[in-house]
Structure formats: C-alpha cells, structure tokens
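The following pair of complexes shares a single chain, chain A, combined with chain B in the former and chain C in the latter.
After this line comes the complex of A and B, so read on.
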C-alpha cells in the first residue's frame, strides 16, 4: 500500500495556496506536514481529503485516485467540531454509521473508544458540557472509530494537558504499531521528531525541504556543540575558530563547521586541565532546521524582489 | 453527484431536531393556541348567529318583555302591530299625547321599548326608544323598528287597496351592488374562493418555508461554523448532507403541520356538540353561513385525487426550492452571527413570492391578470399560488400541469446548481460570500467528492 501526492497545486484567484506539492508514503508510518501559518498545510490536507478541488496534480492510493469516503480516511481537523447540544454517545454512533459500520460493530467500537479515551463518565453528556481536551478526545475517537488505514491528524496535540497528551501519544503509537499510514501536521517539533519518519516543510505554498528526517539531520552533520566546564572555555574556543552562539550559566553553545573543531576544543580544554562537566555534539534539531529553511526561503524571496 | 448516505444524515437530523426543546415547546404552544382558536371559532359563530336571529325580527326572539307602540299616522289601527311581537306584552295607541308618558316609562324601565310612528309634511318617521339601563341593545331596538317599518310599509300599501300577494311582491327585499361591466358580482362564496383560499394555502406554505428555512440554514451554518462539516465530508458527499438535512427538516415541518391539523380537527369535533359549526349554522337557516358553507363545499367537494397529488407535489417542490435556497444561505456564512443578515435576502425573496401569489387575488377590482398568470409560472410564487388555483378551478388541467412542470424543472436545475456550489461554499472560510462569488463557484471545476 502507498499514498502518493503528485504535484498538486491550488490557486485562489491570483494567490497561490499550494504549488506543485509531491510526497509519498511508501510504507506505514507518520509523515509530517510542517509549515508556518498559511503555508498551505490545510489546503494540502483538504485536497487530499477531496474537500477542495485541485488545479493540477493527483492523489493516489495504491495507484488509484484516492476516494476518501471509500477508504474511510480518518481525519482529526485542526479546528475541532462537534454538535454542541448533542450527546457524545449519539455523535460517535452517528459518525460510525456514516462510515458504513454495522450496528454490532458500532456498539463495540463506541464502547472501546469510550474506555480507551477514559470518557465513560461523559457518554450521555452534551458536547458543550465537556472540556476542550475531552472534546478533542471525542474527535480523535470519531476519526479512529472505523479503524481507517489512512489517518490525517491536523494538530492532534494542541491545547492538551500533559495527561491527555500522553493518552494521544500512546494512541498514535498504537496506530503506528498497527501499520497505519498517518499524515500529521503539527507545530510542536518535538512531537514530529518523536513520531515522524519523513517530513515536508511548506512555506508560502511551496515545499522548501522534504525527505527522511534522520537523513536530513545526518546531512547537516553534528554541528551543535554544547560544553560546560570549570574554567573559561571561550579563549580556547577562539583558538579553535569557534564563536559561541549562546552563553548561559549552565553551558556554552557553538555552531561548528566540522567535527574536528569539536575534537580540538576537547583536547585543548583537557590540556589546560579543565574539568569537562558536559560535552555534547549533536545534529541540529528539527526546530533549528525548520527555522533555518524558512529564514532562507524568506531571504531568497526578499533578494528576488530586490 | 452521489447522495449515498443521505438517509443516515436524514435519520440523525430528524432525531436530533425532534428532541430539541424549541421544537417540543413550539409544537405544544401552537397546538394549544390552535385548539383554543378552534374552540372559539366553533362556538363564536353560534353566539353571533343567535344575535343575528334576534335582529332578524322573528316574533319570539326579542329579549324585551314589553312593547309600547304609538302610531299617529292614521295608516293602520292600534292592533295592527300586536301580532309582530308574539308573546311580548303589547300596548298600542294612536294618541300622540301618550308619547311623553311612555317615553318616561321606557327610559326609567327595563326590558321594554317604545316605537313611535309619526307623520310630518307627508313624510313618516319610525323611532325606537330603549331604556337608559341598556337592557335592550341598539341592534335589538333597530331590529324591532325595522320589523315595525316593514309592517308599516305593507299597511300603507294595503290602505291603497293592494292585495296581500301584490304587497308581498312590492315589499320583497331589494339588495344593491356594483361591479365593473362584464364581471361577476363578488358574493360571499366568491369572496371566500378569491381571498380566503389563496390566503390560507399560501400562508401555510409561507410559514413552513420561513420557519423551517431558518432551521435548515441554522443547522447547516452550525455544522459549518463548528467545523463538524469537515468530519462529515470525510464520510459522505456534500449533496448527501444537504439532501439529508432538507428532507429531515421538511418531514419534521410536515409532521408538525399534521399535528396542528389533528389538534384543530380534534378540538373541532370535541366542541361541536357545544357550539355551532358552519354547516350547522347553515342548516339552521343562517344565510351568510350557508354561503360560506357552500363555498367550502365548492372548494373541497371538487378536489380530485389528481388535484390532491398535484398540490402535494407543488408543496414538496416549493418547499424543496426554498429549503435549498436556505441551505445555500446557511452554507455561505462562516460565523453564526452573520446568519441573520444573510437570511434577509431569503426572507425578502419568499415574501415577494407570497405577495405575488396573493396580491392578484386580493386586488379583485384591478387588472391583475398578467400578475396572476406570472405568479402561476414563476417558481418563486407558484408554490404559493398554484394550490389555490387548483382548488378554485382557476386553471385548466393543461395549464396546471405546465406550471407544475416549470416548478419541478426549475427546482431540479436549482438543486444541480446548489450541488455544484455547495461543496465549495461549505468549506469556504473568511468573509461572507457574495451572490456573484457563489455564481462564480458554479463555473469552477469540482473536487471528486
């Protein structure tokens, strides 16, 4: 099974919301769609879900045009929505019926998700009597109730407290374990790093970075050096050609060009009889990669305008 | 444009709407009002009728117990009028000097009357006097004076030597009226046919359209503004959503309407023994009621099964037309607070349709043939105009079928248009869409949903 998004574009009048977006989910796992606000993530998701007409391109599932209704694609929208004056159990049952589930399956699935989401006390409550977090749980349950093979989660963890956040994370992990194909849009980079294998960063409707997250990170190399020691490390760092990017009481951070600089710094500090309390050489975080690419794209656009 | 799944949306919408407090309260409240109105309508004509009979001049129907009559005209003698008032105590006189005394007696008395017949320079005057305590009403006094007047006129003719049958012919009631040359006079039955039937039939549909159109728009706007629609659209097609909603709320409106009719019917049946229905009044000899009863029979007695089918089709097509329009309006707003202002054009259009249907019937003395014909063919007004036209035989079958066909075709085309733009409108966020933008959307390519 695979999902292929091939060169999809969308314009609203003169405004290009999405330009030639392509990506592929060849294997089960979580694919991240990242981007600044208005970058085109929601447009891409709506096109994949068939809610918006695309100007060009195609969305293929197992080689054929994706029919989200037939495939029962599970969708957790960014802007949550439930019927405010309707009982939760009635809403879940309704959404399950719309997915074409049978009565016995619905009863079983509804019971399971009430249990799993720890919502049993709220079965007969109306949506407007629930907290935001509990409403979000109901919606995730609605997205998963038909056990879809393809899932689209738009900001699944936003606004959740740590306890509910952990429930959501464990459910996402369960879905990964069940070999589901998941597209996730999220602004919380650590969440993406926790779950996603491949990413696309969108900016102004265009993909500015795409690929396997680990490969991307590797391609940068281990360029972040953080050091904490007893003495003043800055003169030694200067000898090695390193400028600190951040100095805190805890540690000093450097951006290195090659790992040899880090090794030199360590050797010189040892030679100077300094006690090294902490020495960390790591790849850039997704947050850093994201900011770098967005900034680079903005600068390029500015230059082009000049 | 598949509508698979519309039944599930229909079922859910219907179940949710029927459980709503607003539906239960409005249905109960209006049912109580209808029951109360029907009870009043059923009993009031009886009460009115009894008053009419009193004024009709039959000998035993007056409430007063004593009648003084002074006739100074020398046309008839004192006893001539005694038979007119049956068991009522009658004191007749031809002596003008007694008028002052009787006047005082009646003024200070109760349940009595004085009628004087006087002559002055060849003209006669009949004056009814009643007590100061109002124990005899103005209508009753007038009725008594009219009774005496009719007898006086007959007496005058008898004095001239005419035979009773000639007198009867000469004193037969004469009614007057006026019409535009070539047109029929507006009788009570025609008034009923021309005004009441169109008013009732068009108002029923109008009320259904306005109240349930608002519910449809609200329901769709709620789904859009609460973003539930995004979840729905992953399970079913937009057209199925709107069809499911419109049909559920349409059925609800018909159900509520049937409840009102049933409540009205039961109230009428229950109170019938205590009041006097139109038919009973007509049978009792009330001429006005008889005419209304005839008109009702003319309307409902001539309904063929085909007419009933056509009227149902017109109601359904008309409701669907306006319901789709309301759904479109509901889908066009992104914030629930915009709904009321967005519904204004809908209200204006439906009121225009109603006026166009009803105005030509109301303006019976104006040349409104063109407007009347237009109202039958224009889908905005034809749902309001056609049922009454069928009931009152204003259109022949061929014309009726053409009008119904036009309504169905335009409604179907409108449904196609709504289907084309609905999926775009429903996911549109931001500023409220203009009519131009909505028409523009119909030209764009559709997503494969």
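After this line comes the complex of A and C, so read on.
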C-alpha cells in the first residue's frame, strides 16, 4: 500500500492555504504533519479525504486517485461532530454499518471498543451528555471500528487528560504494531517524537522541513550538552568557549557547535579533579528544530519584504 | 477493502434510516400537529351540521342562538387547524437547517464528510428524511380524515333535501381533496425553497431567517404584483382577477385566494403542473448548488452571495411597487408622508442586513447602488404597467369568432340596471366594438365608483371572461339602441319579485304626486313588473322621475322553501344566520308609460280610501334640519273608512282636491333628502296617510292651501264626531 500526495495547492480567495505540498507514505508507520496554527495541516487532511476540493495536485492511493468512499479510511476529526441527540452505542453501530461490517462483527467490535475505551457506563447516553474527552474517544472508536488500513488523526490528543492520553497512545501503538498507515497532525512534540518516523513541518502553507525525523536530528548533530558536577563548571566551560543556555541547580546546559567542544570540557573538568555526576550529549529536540525552522522562515519572509 | 455498488446502495439505506430515526421527535410533533389540522376541522363541523339537520327537521323557525354551541366548536376547530397548519409550515421551513447541519457547522462538516457516502446519497437522504419526517404524518392524518367526508356529505345531502342549501356534496368532497392537494404542494414548496436557501447560506441562523423571508416573499410578491397588474387594467375586476391570478400561482397563491374568499376553488391543472415544475426546478437547483458548494465557506453568512442579493432586491422591488400602489391611491397632499415612511421602512432594514452581510461600512456604497437601482427599476416597472394597461391585459378580449354569447349589463348611480344577452354574431361584434371604445375612455380611470357597465363573454371553449367598467357616463343611452332591438331583457330582481321572493318596498313619483310604501300584494306586484318589463323592452328613456325600491329578506327561515333563495351555508355561516334586509332601487324614467300607468292606477285605487288618517306634521325647518317640535305626531286624527258617509262628503272631495304636492316621505321624516330641488321649508303641517290594500300612501297639502285644508278637516272632524255620537248614543 502507498499513499502519495503530489503537489497539492489550495487557495481560499486571495489567501493561499497550501502551496505545492508533497509527501509519501511508503511503509507502515506514523507520518506527522506539524505546523503553527493556520499552517494548513487540516486543509491538507481534508483535501486527502476529499472533503475539500484541491486547486491542483493529486492524491494517489496505491497508484490511483484516492476515493475515500471506496477505500476504508479511518478519520478522527479535530472537532467533535457526533450526532448530539443519538445514543453513542447506536452511533457506533451505525458507523460500523456504514463501513460495511456485518452484524455479528459489529456487535463484537462495538463491545470491544467500549471496553477498550472504558466507555461501558456511557453506552446508552446521548453524545451531548458526554464530556469532550469521552466524545473524542467515541470518535476514535468510530474511526477504528472497521479496522481501516489508512488512518488519519487530526489532533488526536487535544483536550485529553493524562489517563485518556495514555489510552490513545496505547491504541496508536497497537495500530502501528498492526502495520497501519497513519497520518497524524499534532502540536505536541513529545507525542510526535514518540510515534512518528517521518514528518513535514508546514508554515504558511509551505513545507519548511520534511523527512525522516531521526535523520533530520542526526543532520543537526549532537549539539545539546547537559552537565552536572560537584564543582563550578562554568569557568571551565568558558575556557572551552561555551556559554550556558540554562543554569539550574540540577544541570547546566550548553549549546555546542561541535562535539570536540564537549570532549574538551570533559577533559578539562577531569583535569580539574571535578566529579562529573551527569554528562549528556544529544541531538536537538523536535521542538527546537520546529521553532528554529519556523523562525528562520519568518525571518526570510521579513527580509524578502524589505 | 473496496466496496461494491450494492453495498453502497445499502449504505444509502442505512444512512437514510439512521437520519429518519434521529428525527423521531420531529415526527411525533408533526403527528400531533397534523391531527389538529384537517381531522379537527372536519370533525368540528359535524356537530354544527348535526344540530342544523335536527333543528330544520323539527322546527320551522331557527334562531342563531340554537347553533351557538356548534358554531363555537367549529370556530375553535378552524382556528386550531389553521394554527397547526402554520406550525407545520414553520417546522418544514426550519427542517433543512437541521438536515443539512453540516453546511453551517465545520465540526459536523468533518464528521459527515468522512462518511463513506457519495454527495448524491447524502444530499437525497437528508432531503427526503427531513421532508418525510414532517410531511408523512400530515399526509397520513389528512388521508385518514377523508373518512369524515362521506359523513359530512351525507348530512349536507339531508339539508339539500330540506331545501336548505344548494351546496353539492360532490363539490364538497372534491373541494376537500383539492384543498388538501394544494396544501401538500404548498408544504413541499416551502421545504424546497428553504432547502435552496440553506444550501446558499453558511450559517444556521441566517439560513432560517432567509428561508422564512423567501417562503413568505413568494406569495407576497404574487399578491402585490397581481394586484398592481390588475389595478391598472381598465375593466379587469380587481377582486375577481386578482383571485384568478393568484389561483394560477399555486400553491401559495391558491391558498391565499381560498383564504381571502373563504371559498375553496381548485387551481387549474395546468397551473398545478407549473407549480410542480417550479418545485422540481428549485430542488434540482439546490442539488447542483450544493454539489458546487465550497466546503471551506461553511460558517460564512452566504456561500452564494447572489442568493442574498436576489432576495434583498426582490424585497425592495416588491416594497416599492406596493408603495407606488398605495401612494397612487392617497391624496396628493399625503403622498409625501407615505413616500417618506416607505423610504424609512425599506432603507432601515436594508442597512441592517447589508451591515451584517458586509461587516463593514466601507462596502456600503454597494448598498446605496442596490437601493437606488431597485427604486428606479420599480418605478420604471410601475410606469410600464400603468402605461400599457397591465402589459396590455386590459386590451385582452376574445375574438368574436371564439365567443358563444355575451351578456351586457349597465347600471347607473341609482342602481338602475339593464341587462341583455346576445347570441347573434353581428351583435356580438357590436358589443366587442363598444368594449374597445369603453377601454379607450376608461384607461387610467381611478376606480372608486360602482361599476356601471359589465360585459361577460362566454366562450365556445366553455370559459368566461368578465370586464367591468367604471364608466362615469350613463351607458344606458349608448347601449339603448342595442337594448331596443327586441331582445329579451332580464333583470334578476324583477324575476325575483315575480316569484314572490322580493316585494316592492316603496314607489315614489313626486311629479305625479305618488308615494307608496310597502306593496305586499303579489297580484299588484306582478302587474307592476309586467309593466316595467314592457317599458324596458321598448327601449324607453327620458329623465328620471321616480324610484321603485325592492326588498327581500335573506334569513334562513323565510328561505327554507324558497327556490330563489340566494344565501347559502357555504358562505360565512354567521352571516347566513343573520336576517338581512337587502334593497334594490329601480329608477322610473319619463318614457316608462306602462309603468306610470300602472302606478297611477294603483294611486287611483289607493284614493278609494279604504281608511285614511289625516294627521298633523310639525313645521320643518330645512336649513337647520330640525323639527320645531318633536317629530311627527298625530294631534288630530280623522279616520275615514271607504264606504262611509264621509267618504262621499263634499268637504272630503274638496280636501282631496287640495292634495297636489307630494314630497318624498323620507325628507319629511328625517329631513335629509331633497327631491326634485324642492325643499321642505315652510309650514307643511298636514300629512294625509291613506291606506288601500295595506299600501300606505303619503300625501301632503301644499303650504298655500293649508288654511283651507284645516277648515275642511275641522268640518269633517266635527261631522265624524257627530256620527260617532249618533252611533254610540
């Protein structure tokens, strides 16, 4: 299976929501769409699902234009859109029927998902009687009930408490284990780092960074150094040309330009007979990469205007 | 992984059933309202008819109070039915905003958009489920209420046998089904229009608001434009043609016409077909607009701005045309005020809506252009309507060869009327020619007076066309030659009087000294009517010299066995229960020699004085319209029976010889009228009332002969007293 998004663009009047977005899902896993608010993530998702007409480009599924009605695609929308006055057991059953499941399968699946989502106490409640978090769980169940191969999750963890977040994460892991193809749009960087292999960062409708997350991080190199020792490390760091970015009782953090600086610091600390309690050298976080790219893009845009 | 076509068809069914299930509360509400419409209305008529049948069978006399309970039930039933129907209409107008909620809410758009349904499947399922949830209960309940119809027909038949009503049971049943069909079509039309508006709007509140505006606008514009069209066509009767125009615009137009006239009349089949085509066009338009709709515009006020502009412009044009109608009918000095009020009433709401639409004052210049263009366009449209006589409608007359017969009647300001029917092709052409000449004179006339000339064409195809002209000139002279060609003249009131359903209430020919009131004698009436007919058929004319007034009662009791009875239970029942006294005046012309001879003979017979009362009338001051003393009294009364000694007394003969001046009795009693330019100033004191065969003849003694008359009366009175003394001694 493969999903290919080729050069899709979308304008709302004079405003360009998407400009030439392309990406591909070749292997099972989670593909992340990141971006600031209004970057075009939801627009891209709606174009893939056929809910919005694209101005140009194509969305290919296994080499052919994607027909979301024919192909079973599970979709978790960002907003709550359940039928407010219908019981959730009826709604879940209905969604399962619409996905072509047989009655016996439906009963089993509905029971399974009510258990999995810990919603058994709410089976006969109407949707408008549930909290937003519980509605979100019902919508996720509706997206997964037919066991789709392609899953699109738009802000799946927004508004969830830690317990429900864990439930969602475990479900996503299960889907990954089942070799599903998942597109996830999310603001929470730790979540992306936890699940996603490939990312696209969107800013003002354009992709400012795309690729495998690990490789992106590697390309930055290990530039974050965190040190804790029993003495004052700052003078030694200054000798190495390092300025601290964060000083806490626990740690001192430095941004290094190359690993050699980190090694020098370690040598000099050892030479000064200081005990290193903690020494951590790692790649930048996704959050840092994200902020850096967005800032760079904004600065470039400002310079272009000037 | 992929679905087959049959599976997708099944998905449509599942979606449709699920949507219908989610509309259960609406269906229950609709069922309750539906039971309160036709079933309640028909059911509430049963007690009235039951009571009526029983009363008529058992009693001859009928008092309105006997039906008060039944009428109260019927009135309640009709009001509740009308209110419930209006609620159902509101439900249908608001239904699309619920069925197509995803057009207004983005979160629903995502949810619905992700369902494995094609656009067509989703649209039709939502459309049909929304319509069905409200309409199906109504159709079921109204269909079930058909069980009442045979019962009502049976009771109606009973009344017809009793001579009580001329309302056909078959017509009753047909009228019911036709009204029901029209109502159903109207409800579907309202839903279709509301769906179209919902598709064009992106906000729930706006779609509901403009749905009401659009649905209400259709019949309102139909009424305004049909009224405007007709009011500027000389000869085209406002009410009749407005109603017929409205009936040609079903379903709303038909319902308005039925509600105004309280008389269900079916729309023409062709008009109904046109209405269905219109509805189909609206639905298909909604479908294709929904298909092209941009999902990203969900939440905006109007997805298709053209819909907003079309609605607001049509509202403005309708308002301006209405303004032109009203302003044209008021006094010139008041026109400025009306125009100012209308400008305010149209500009203020437009400003409100435009501000809400544009959300900014910067684009309001467009609103100004729209307003000005609508105003200018409306004035231009109105001007064209007026100058062309309703786009030539007033000149729309049938061709002579298409006419089977024509009835021409004319009536002057004294309600004197002549009527004739023509079958001869040459005379039909003559009447057509007169019609065109009347149109040329009538074009632009302000229709404020009673119609004087009515021409009704019966076509060979079976239809009729009527034109009524408010001619100021007395058309009897113009039409005299046609009437005098030995063609039979019909005057419905004369036929009525001949059959005894009307009586002559008063005859007054002052120049001949004749004033009679109340001639109930049927033989006398027939003689008079025969004389009138002879004069009319002879084409006699001349000045008006007198009046003959007919009256007929229209209460149920007297009409129970009257074949010419005109009141009918299918009119407003309350008015049918009131005793009405209708009057019809016929002017006697100088040339009506047969009529005058018959009246004079009656007058001469009256002077036989079967009995006579001579009494004083008080002095009447015309200028101040006051009596000197309190009205008419009988200070002195002299009873003279025919055949008595005094009837041949010379003093009596002299007294009768003094009677030469016969003012209008009404002027004497209420001092409000002037006849033949004679005024009743002075000292008219003596009124002679003779009665013969119950005919009261008012005779008066001229002022200059009062003294002599008083002396004769005194002498006669003394003689009578002596006779009484001799009689009783």
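Convention: the second predicted complex is superposed on the first by the 306 of 306 C-alpha atoms of A that agree within 3 Å, B and C clash if a C-alpha of one lies under 4 Å from a C-alpha of the other, contacts with A are read in each partner's own complex, and residues count from 1 in each chain.
To be clear about the criterion, contacts are C-beta pairs under 8 Å (C-beta built on N, C-alpha and C of every residue); 3 or more make two chains touch, one makes a residue touch a chain.
Quick caveat: nothing in here was measured; it's all calculated off a predicted structure.
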Combined model on chain A: chain C and chain B, fit or clash: clash
Which superposed partner A:291 touches (first chain B, second chain C, both, neither): neither
First, second, both or neither for A:68, with chain B first and chain C second: both
Chain B versus chain C as contact partner of A:277, first or second or both or neither: neither
Contacts of A:149 with chain B and chain C, given as first, second, both or neither: second
Touching partner for A:247 - first (chain B), second (chain C), both, neither: neither
Contacts of A:53 with chain B and chain C, given as first, second, both or neither: both
Shared chain A contacts, counted only where both chain B and chain C touch the same residue: 46, 49-53, 68-69, 72-73, 75, 77, 79-83, 85-86, 90, 94-95, 97-99, 139
Interfacial residue positions of chain A with respect to chain C in the complex: 12, 43, 46, 49-53, 68-73, 75, 77-83, 85-86, 90, 94-95, 97-100, 139, 149, 154
Touch list for chain B against partner chain A, complex: 5, 8-9, 12, 15-16, 20, 222-223, 226-237, 423-424, 427, 444-449
For the chain C and chain A complex, residues of the former touching the latter: 1-3, 7-8, 11, 14-15, 18, 21-22, 25, 105-118, 294-296
Chain A residues touching chain B - in the complex, by the definition given at the top: 46-47, 49-54, 65, 67-69, 72-75, 77, 79-86, 90, 94-95, 97-99, 139, 142-143
